[in-house]
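Below is one structure, written out as structure tokens, with a few remarks after it.
All chains are identified by letter, namely A, B and C, in their written order; residue positions are counted from 1 within each chain.
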Amino acid sequence: MVYKTRNDGRKIDELRPMEAKAGVIPNADGSAYFKIGKTTAFAAVYGPRELHPRFLQNPKTGILRCSYSMMPFSGSGERIRPGHSRRAQEIALVMTASLNPVVDLTAFPNSVVDIFIELPQTDAGTRCAAISAAAIALADAGIPMKDMISSVAIGQVDGTVVADLDYSEESYPAIVSDIPIAMLHNSKEISLLQMDGEISKEDLIKAMEMAKVAIEQVYKVQVQALKEKYQKVKQ
Amino acid sequence: MIENKQTISELASKNKRLDGRGLEEYRQPITIETDISRTAEGSVRVQIGQTVVLAGVKLSIEKPYNDTPDQGGIMINAELTPMSSPEYERGPPGIKAIELSRVIDRGIREAKAIDMKKLCLEPGEKAWFVIIDIITINDDGNLFDAGGLAALAALKCAKFPEYDPETGVVDYKIKTKESLPLLKEPLPITVYKINNALLVDPTSQEEKAYDARLTIASDTNGTISAIQKGGNTPLSIAEISNIADLALKKAKFLREYLDKVIK
Amino acid sequence: MSKILVKEKSIVTPGEVLAEGMDYLPGQHTYRQGEKILSEVLGFVTLSGRAIKANPLSGPYRPKVRDKIIGKVVDITFSGWRVNTNTAYLAMLNIKDASTRFVRKGEDLSKILAIGDFVVVKLTNVTSQNLIDLTMKEPGLRKIAGGRIIKINHQKVPRVIGREGSMITLIKNKTGCEITVGQNGLVWIKGTPEEELVTEQAIKLIEEKAHEGGLTEKIDVFLTKNSKYKPQTPTPTKTFTKTPTKTFAQTQNTTQTKTEN
């Protein structure tokens, strides 16, 4: 247990400062901006709309389709080539799977709800920020949802389980595990789980328990963003 | 799906617009916000009306081109994201994005806005290359002006990252105080012709109703560095003269916003 | 013990617990999970008796039979027209439902409705898969030309129309514009360019302030301030609201305008 004080001085279960806003893209049916530390994400929802090509249509329900993209200047090093890398496609896939459990599109057969994510600035935890932003945008778009989804990464840095790793921790010169997690607010069921690194089963369970608490903080920020948009209107 | 083409065209002939603006009037707000992405060497958010674009500058060290061994280089890329409009799709840049980036690129390149020789570190071996990415957040028309303004603003506020000539390593985490060697500040303005009326700053609905458009990039002295005509209707020399006057006037107008934010 | 956890009219988010206990019933856009009733949309809460309901603040229009909508002709087929309904679903307008006159076999259908035309139509049939049939053969249903079309959040349509059409009548009387509000959120406005703009702004204002009290008064003030229209004769009552009882409200408003002048 060498990693005791975190690089930026946070407590082990402390998240970076968060900010969120709903309804930031007028053209979209729903949208959001979500910021955690130096990672920022825009999410836009379009639909339900016609789905092409037709063979992708499902006559029983509408489908959800995510697209994830880091802006070329958003990486901490050299410019990132635009376009859909294999990494971006994989993230889009796990994002869709993480949001699907709460979204109910049975009233919109054969249609698609598109979610587009763009990140202008990143400092680790991008897929979690993307999911948290997407959930706000979906709710803002009035898509029927049984629950909210919130997401945060838990990790293990040199033997210590910590919440919301930043890039300096992800690249810490020791064994580091990164575990992005998304959860349903009410049941605390897990809808996104990935892991890279080395971790014992005990520590993995510990990480998920930490996620349960950490995710509540993300949830509060998401709900506040949604209520703020409409409360302002109400006054 | 809503275009109101016919009404826009009829109104234009009476010097009127759908949103009540004058033909030569820009939408408000016009805002330029700098440093919106700290991972970029320079970055801005530009808003004109409901159109929002981001631009970011990245610098990298590359081998100079063979025909210009003592110079750096520049590249401009525009992404019309499907996030910003229901009309854009995922995938490689379409022709609209290519034209947008080319027009802005030529405005800057042909004005010789950047002192390319100052970007050279070791002739024939190493030079700084400047890449500007323009990303749309919400497209409500006039991406040429918004994108051009964003590109110039991003160039103006970019700072070189720390570079160690001994090891040849660039540390992108550390920004120096050194700005890009800018010689000129070209800004493109696009004038649209709808039903014989000339207007600026079209909304996305007005962009669907135009007959011809002309983009003119000019610097602070009013010297023109790039022109692009679009649309299927021809323009007379007299019209082009009027368009140039209007474009130069509006370049001055937009430049005031830029000068307020970036000294 | 059953209890309600949220206040009437308060804004709730998906998954928010609205009530606990079996004494309450889940209304529209809510669902029961064990003892709890939860919201499944971003909306505001209303209670009626024991039922608790969430009213969506945004969201897609769901096609319903008898709704009057504004659509755009996007394709012409052998038997009629395909119409974009501002949803994920195209609708079908058959020749026999479009025109009262006899259409000869092989006649150029684009002479009746061309691609790009906007139409006021009524939904006559909606299947479980959202296949939609339309008609244009009722009073007020027709092709529209000129003026402008704007798009609003369809959840705000009832506010734009107002109680018994009071809001829309107020705007019509103050601006002299013809207004058609489609249930799918498309609104057609026709008048002088200046008054069309004032009308558009007034409707956007309603959309923005839909949940405020005293909305009619605010819109009245806005229109009095911004509209230059002077009504000479009572404007025609071609409204497309759901309830036809607007004559009273209209007479009232016309008198009001006159006294102000």
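By definition in this document, contacts are C-beta pairs under 8 Å (C-beta built on N, C-alpha and C of every residue); 3 or more make two chains touch, one makes a residue touch a chain.
Just so it is clear, the structure is predicted and the values come from calculations on it, not from any experiment.
Novice: Using each chain's Cα centroid, which is most distant from the centroid of subunit C?
Specialist: Between subunit C and every other chain, the largest centroid distance is to B.
Novice: Report which of A-C and B-C is connected by more C-beta pairs in contact.
Specialist: Counting C-beta pairs in contact, A-C comes out ahead.
Novice: Between subunit A and subunit B, what distance separates the C-alpha centroids? Give it in angstrom.
Specialist: Spacing between the chain centres: roughly 32 Å.
Novice: Counting only Cα atoms for the centres, state how far subunit A is from subunit C in Å.
Specialist: Going by mean C-alpha positions, subunit A sits 35 Å from subunit C.
Novice: Between subunit B and subunit C, tell me the centre distance in angstrom, where each centre is the average of that chain's C-alpha atoms.
Specialist: 39
Novice: On subunit C, where are the residues touching two or more other chains?
Specialist: none
Novice: Can you list the subunit A residues in contact with two or more other chains?
Specialist: Answer for subunit A, listing residues that touch two or more other chains: 49.
Novice: Which subunit C residues qualify as touching subunit A in the complex?
Specialist: Residues 11, 13-17, 29, 31, 33, 38, 40-42, 44, 56-60, 62, 87-90, 128-130, 155, 208-212.
Novice: So in the complex, which bits of subunit C are touching subunit B?
Specialist: Spelled out, the residues of subunit C in touch with subunit B are 72, 84, 86, 116, 145-151, 186, 193-194, 197.
Novice: Using the touch definition up top, name the residues of subunit B that touch subunit C in the complex.
Specialist: Residues in contact with subunit C: 1-4, 6-7, 11, 14, 16, 18-20.
Novice: Within their complex, state which residues of subunit B touch subunit A.
Specialist: 36-41, 43, 50, 52, 54, 56-58, 60, 77, 79, 81-86, 90-92, 131, 133, 135, 137-140, 172-173
Novice: Going by the contact rule set out above, which residues of subunit A touch subunit C in the complex?
Specialist: Interface residues on the subunit A side: 29-30, 47-51, 59, 62, 102, 104, 107-112, 139-148, 184-186, 222-223, 226-227, 230-231, 233-235.
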